[in-house]
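Heads up, the next two complexes both have chain A, just with different partners, chain B and then chain C.
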Partner chain A sequence: MKINVKKELDKNQILLLKIPSADYSKDITDIVKQLDGSIGYVTLNKTFDSLKEEFKKKKINTDNILFIDAISKTIKNAPEMAEGSFFVSSPAALTELSLAIDRLLRHNFKYIIFDSLTNLMIYEKRAPVSKFISFITNKIRQTKTKAVFYALNIKEQDALIEEAGMFADKVEQIK
Partner chain B sequence: MVKIILIVDDEADIRDSVKLILTKNGFKVETAVSGDDALKKLKKIKPDLVLMDIMMPGTPTKEVVKQIKAKVAYLSVVRVSEAEKEELLKAKNVVDFIQKPFDIDELLKRVKKLTGAK
Partner chain C sequence: MKNKSLILVVDEHGQNATYIANFLENKGYKTLEANSGKDGVKIAKEKKPNLIIADLSLYDIEVFEFAKALSEIKILFMGKNHISEAKIANIKNSIGIIPKPVDIEKILEILKEEKI
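And now, the complex of A and B:
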């Protein structure tokens, strides 16, 4: 991965990264490795446990990462929160998700990673998803938190990615 | 005897491509677009195996699976930990967990094994 995400976030508050599906797993761990300080990690496609497992394999310290997991509750009985994670009922629960992200912002996390915008489209139509992105990015702009939104390069979702790009300071294609 | 497979996935591409391959290999294939749709179809058919996407709009899959008597193999775009995978496979009718994107030949091999088809 050629992009220096940390450097980009020094210059921009909100970054949208378009990630090719083939390199996705590697890219997301490389990005977390680049960031130092507190991270709020919103996951819409992997469980908290699987991310912890993945990060541990890559020797990434998760002590400074607080996860918002919108997957675990859909596949198993998960509590409201556990050490290191809040659990949201599903990626379709946009209000619940907004409240959880708002909580991270109120605690001045240095970074928020949103993984990923394209997963939202499985459950919702474009209009509510765009409204959600607008709401979240406005909230972020009221704070000093830097945000990275991931979007998988999926042709069918070009319109959403383009729309989301308007709310970001910079859109980068990862090669 | 012809084995019956019910494919439950909200992605038309997956339903169509898996149906095509399984049909060509002698299976009778039915499809459903959601868990709720699958429950309706299961009132009329008795599949040998249900291939079910783990994340779909509507009733959560974990609730749908509880109401199904047939064998279920999850198709999952969601990444879970090894421990979570084992936990999911403890449900009495859940017999496999297939990670997306899957190799179609591998899927076929697993479907044949799970249904006892030759």
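And now, the complex of A and C:
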């Protein structure tokens, strides 16, 4: 990965990163590794258990990370919260997701990572997704929190990714 | 306009607690003050406020212990300590952290959002 995400976030508040599907797992750990301070990691892709495991394997200290996990409840009985995580009922629960992100903003997190817009599109139609992105990015802009939105390079979702780019300060393609 | 909500302000620096409490009283809230964490727990258990505004650096009680003892009451934390924001946000009844010096208008904004 050639991009220095931390440096980009010093200059920009909201970043949209287009990630090649093949390198996804490696790229997401590389990005977290670059960031210091509190991270709110919103996952619509993997469960918080598996992400935490992956991060630990790469020697990433997860003490500063709070996961908002929108996957676990779709596959098993998960409580409302666990150590290091809050659970949202599904990636389609946009109100719950907004409240969870609001919680991160209210607690002055240094960074929010949203993983990913592409996954959100699996569960919701384009119009509510666009509305959601606009709402969330406006909320973020009222704070000092920096945010990274991931989007996987999937041809069918080019239009949404382009639209989401309008809400970001910078769009970067990871090579 | 009178607001019936009761807010407990916990800060070891008495003047900070009084400043916030006076401001909220002027906005129609009923307030209580405590100058230590343990007093805060005792008063909160007895009076059951709608919200607690508490300093993160309470010397006589650990933040997690304080929040757990009052798990049914929402807590808005103020200031900073050595604990990561990720750990504080993971406390179920924590609704946020406001930096010190406190932006008093920010408190009002949060009270409005929380419908308190």
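Assume the second predicted complex is superposed on the first by the 175 of 175 C-alpha atoms of A that agree within 3 Å, B and C clash if a C-alpha of one lies under 4 Å from a C-alpha of the other, contacts with A are read in each partner's own complex, and residues count from 1 in each chain.
We take it that contacts are C-beta pairs under 8 Å (C-beta built on N, C-alpha and C of every residue); 3 or more make two chains touch, one makes a residue touch a chain.
All values reported here derive from a predicted model rather than from experimental measurement.
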| item | value |
| --- | --- |
| First, second, both or neither for A:R106, with chain B first and chain C second | second |
| Partner chain in contact with A:I71 - chain B first, chain C second, else both or neither | first |
| First, second, both or neither for A:Y123, with chain B first and chain C second | first |
| Which superposed partner A:K46 touches (first chain B, second chain C, both, neither) | first |
| Chain B versus chain C as contact partner of A:E163, first or second or both or neither | neither |
| Chain B and chain C footprints on chain A, overlapping residues | none |
| Footprint of chain B on chain A - complex, ascending | 21, 45-47, 49-54, 71-72, 74-76, 90-92, 122-123 |
| For the chain A and chain C complex, residues of the former touching the latter | 38-40, 63-66, 80-81, 83-86, 103-104, 106-110 |
| In the complex, chain B residues that touch chain A | 10, 54-57, 60-62, 77-84, 87-88, 101 |
| In the complex, chain C residues that touch chain A | 84-90, 92, 94-97, 99, 110 |
